[in-house]
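Below: the structure, in C-alpha cells.
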Amino acid sequence: MTGAARGERLPEWQVATWFNTDTAPTLAGLRGKVVVVEAFQMLCPGCVSHGLPQAQRVRVAFAPERVAVIGLHSVFEHHAAMTPVALAAFLHEYRIDFPVAVDAHDGDDPRPATFRAWHLAGTPSLLVLDAEGRLRLRAFGQVDDLRLGALLGGLLAEAGASGPGQAGGGPGQGAAPAAGSDCSEMACPRPSD
Amino acid sequence: MTGAARGERLPEWQVATWFNTDTAPTLAGLRGKVVVVEAFQMLCPGCVSHGLPQAQRVRVAFAPERVAVIGLHSVFEHHAAMTPVALAAFLHEYRIDFPVAVDAHDGDDPRPATFRAWHLAGTPSLLVLDAEGRLRLRAFGQVDDLRLGALLGGLLAEAGASGPGQAGGGPGQGAAPAAGSDCSEMACPRPSD
Amino acid sequence: MTGAARGERLPEWQVATWFNTDTAPTLAGLRGKVVVVEAFQMLCPGCVSHGLPQAQRVRVAFAPERVAVIGLHSVFEHHAAMTPVALAAFLHEYRIDFPVAVDAHDGDDPRPATFRAWHLAGTPSLLVLDAEGRLRLRAFGQVDDLRLGALLGGLLAEAGASGPGQAGGGPGQGAAPAAGSDCSEMACPRPSD
Amino acid sequence: MTGAARGERLPEWQVATWFNTDTAPTLAGLRGKVVVVEAFQMLCPGCVSHGLPQAQRVRVAFAPERVAVIGLHSVFEHHAAMTPVALAAFLHEYRIDFPVAVDAHDGDDPRPATFRAWHLAGTPSLLVLDAEGRLRLRAFGQVDDLRLGALLGGLLAEAGASGPGQAGGGPGQGAAPAAGSDCSEMACPRPSD
C-alpha cells in the first residue's frame, strides 16, 4: 500500500468502536467540512498535555458545520492497558466530547490499521483534511495554535470561495466569536466613545 | 471625527518616533500585506505577559512579505514613566524587534492621537487589517492564538486568491514552517515507513 | 473505626502490589524520615497535571535519606480501567520512579482499604508524616509548592534538632541544591567581584 | 570592603527612597523575623515574570510577623528609564504591595551601593536572612518554590525553637493556611466520614 501524499485523499479509517457519537462518521460523509483528526493514545503524556487539549480548543473555536474534530485512538503499545473500557473512563474524566474512533487491529501487527494506512509516525499526530477531503497537514508532535489556526482559516476561506451556495463566505466566518467578546466573525464593532 | 467601522479604512497612525525601523511605515505603504497592530503600554501587565509575546509569535510564524507586525506605544497614563527613553530600554530588554511607533500626543488630551482616532478601548488592543487596508479585527484584551491564526489564514487566502500575479497562492502559504519540522507550507511529506 | 487525628499515627497502608521497589516499605520502617504520600488515580486529571508532578519534584529536591516519597494508587471508580497492568504502563509512560503501592480492596466497598482507613476525601490527596510517624498534613486537592516546602523544611529542622546523632542538622540541609547552582545546602557562596 | 560570607551579617541597605511603607525599615529593626529580599530592576524580564511574583507569593503564604518581604530596586543599567517615578507606576500597575527600597547610587559607579556591598551578581537576586540577621541564601536567577519554601520553613522552625517566649512554635506555624482550605498551620483536620 502506498501512503497518501500531501494533497491526496486518505483511505477511510478502520474503526473497532466509536465513542461520543451515535453514528459512525466516514471521511466521505464529512466531505464539505474541514476535518481535524487527533491521533492519540490515552497513556501518551504529550497527547494528554498538548494534543487533546488543542483538539478540544479547535472544537470550541470553530463552527461544527464547518470544522469537524475527530479523535483516533491508535494504540500501538501497552494494548492491555488501553482497552476500550479504559478509554471510556479516560474520555469521561478528561471531558472529551468530540467523536472518538478506536483504530482497529488486524492480524498480528501491534500497530492498528488506520495508523499504518495513514503512515503515522507516532502519537500525538495531527491531520487536517480540506473540504474536498485532501490531506493538507500530517504532523507528528506539537503544532502551535497560531499555525494551526492559520491553516484552518485558509482552508475555510478556500471552501467558502469555491463552495456552492456559500455566497458571502469570507475569511474567519468559520471561527466562532470568543466568549465574552462583542465581536462577530472575529471582527469587532467600533467601541462607543 | 468618526471612527472606522469594521471593514472601513483606518486613518493613518500619528507617530512621534519610530523604533526598530529606518523608515517610517505607513498604512498606505503596507497595502498588499495583512497588517497586525499591537497597541500597548510598556507598564501594562497584560501587554507584557500576553499581547506582546503574541505579536512576536505572529512575526515569527508568518512570512514578513505577507504579514506586517507593528507595535503602537499608546500611552494614556503614567506619561512620565513611559517615555521614549524608557521604551527604548524596554524594547531592548524584552527583545522586541518589530517596528514600534510612539503614538503622538496633541493638545492636552492624555490619550494619544492614534488611540483616539482608532477608538481604542485600552491596552492591549489588537488590530488586524486585510491586504486592502480594511479593518477586520479590533479587540481589547486577550485574543487566543487559534482564532487569531484562523483570521490571518483566511485573510492570506483571500489576498492570495484576489491579488494580481499571485497565482497559486493557496491557504497557509503565508505561514512559515515550524522550526525543526520537515513540513513546508504547513503540510507535511509522508513519513518513510 | 476512627480516623487518625492530626498528630496521630496512621494505620499501616494495605497494599495489593508494589511498583518501583523490590521491598515492601512500611510506615514503621520509614520512621526517622519525613514521609510524603501522594494518593492518586491514574485517570484523575488533577493527579496527572498537579499531584504527581509535585511528588516528583519533592523526590528530586530532597535527599532520599531524609524525605521518602510514596505513591498510593487508591482506585475508587473506573476499577476495570485502572488495573495494575494499566498502572504499570502509566508509570512507565509518565516516568514516575518513586515506589507506588496499589491500595488493596476488601469486601464489596468500591473504596480501597487504605483510602478508607486514612479518611481520604478523594484524589489527589497529599499526606505528610513527620519523622516520628505523626500525621502533619492531609490535604485534598492542590497544595502549592511554597507551603509544602515550608512544611517539609520545618519537619526536617525538627527532626534534625531532636534526632540522635544528627548534630549540626540545620534548616534546609535536607534540600538538595538546585541543579546547575553553586549553592550548597540552599545557601550560596559569595560571588567573586 | 569584603562581602558577607554565608552566615555572616550583611551591611545595612543604602536607600534613596522607600515605597509602600511609611517607615524606613532596617535590617537591625527586622531582627527576630526571617527576611526575604528580592533585588530587581523593573525592566528585567526575569524579575517581572519570576522573581517578583515569587516574592509576592511569599508575602501571601507566610505570616508577616514571622517573615518580612522587602523589594530592592537595584538599577545598574538603563538608569534614565528606571527612575523612581517610573518605579512608582510599575509598582502600581503590577500591584506590588510589600515595601520596596530604591538602592542608592554614590559616586560614578553605575551599580548602586547596596548591590555592590552585598556582592550581587545581577537581577533578580534573592536573599534570605534568618531571624538572627545572618545570610542564609543569596541566589542569582531562579529559585524554585519548593526549595525556597523548605529553607523558610527550616528557618522558622529554628527561630521558633530558640526564640524567647515562643513556646510551642513548631514547624510550619509561620505559613498561613491556604485560601479556601480548612487546614490550620498546614495540617488538616480529619475529614468527616
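Labels A, B, C and D are assigned to the chains in the order they are written; within every chain, residues are numbered from 1.
One rule holds for everything that comes next: a residue touches a chain if its C-beta (ideal position, glycine included) is under 8 Å from a C-beta of that chain, and two chains touch if they have at least 3 such contacts.
Note that this is a predicted model, so its numbers are computed, not measured.
Farthest chain from chain A (centres taken as the mean of C-alpha atoms): D. We define each chain's centre as the mean of its Cα atoms; on that basis chain A and chain D are separated by 48 Å. The mean-CA centres of chain A and chain C are about 39 angstrom from one another, to the nearest whole unit. Chain contact topology: the protein chains form a single closed ring, every chain touching exactly two others.
Chain C makes touch with chain D in their complex at residues 3-7, 57-58, 61-62, 119-121, 130, 135-140, 143-158, 161, 170-175, 178, 181, 183, 186-191, 193.
Chain contact summary for the complex, chain B toward chain D: residues 43-45, 48-49, 77-78, 80-83, 85-86, 88-90, 92-94.
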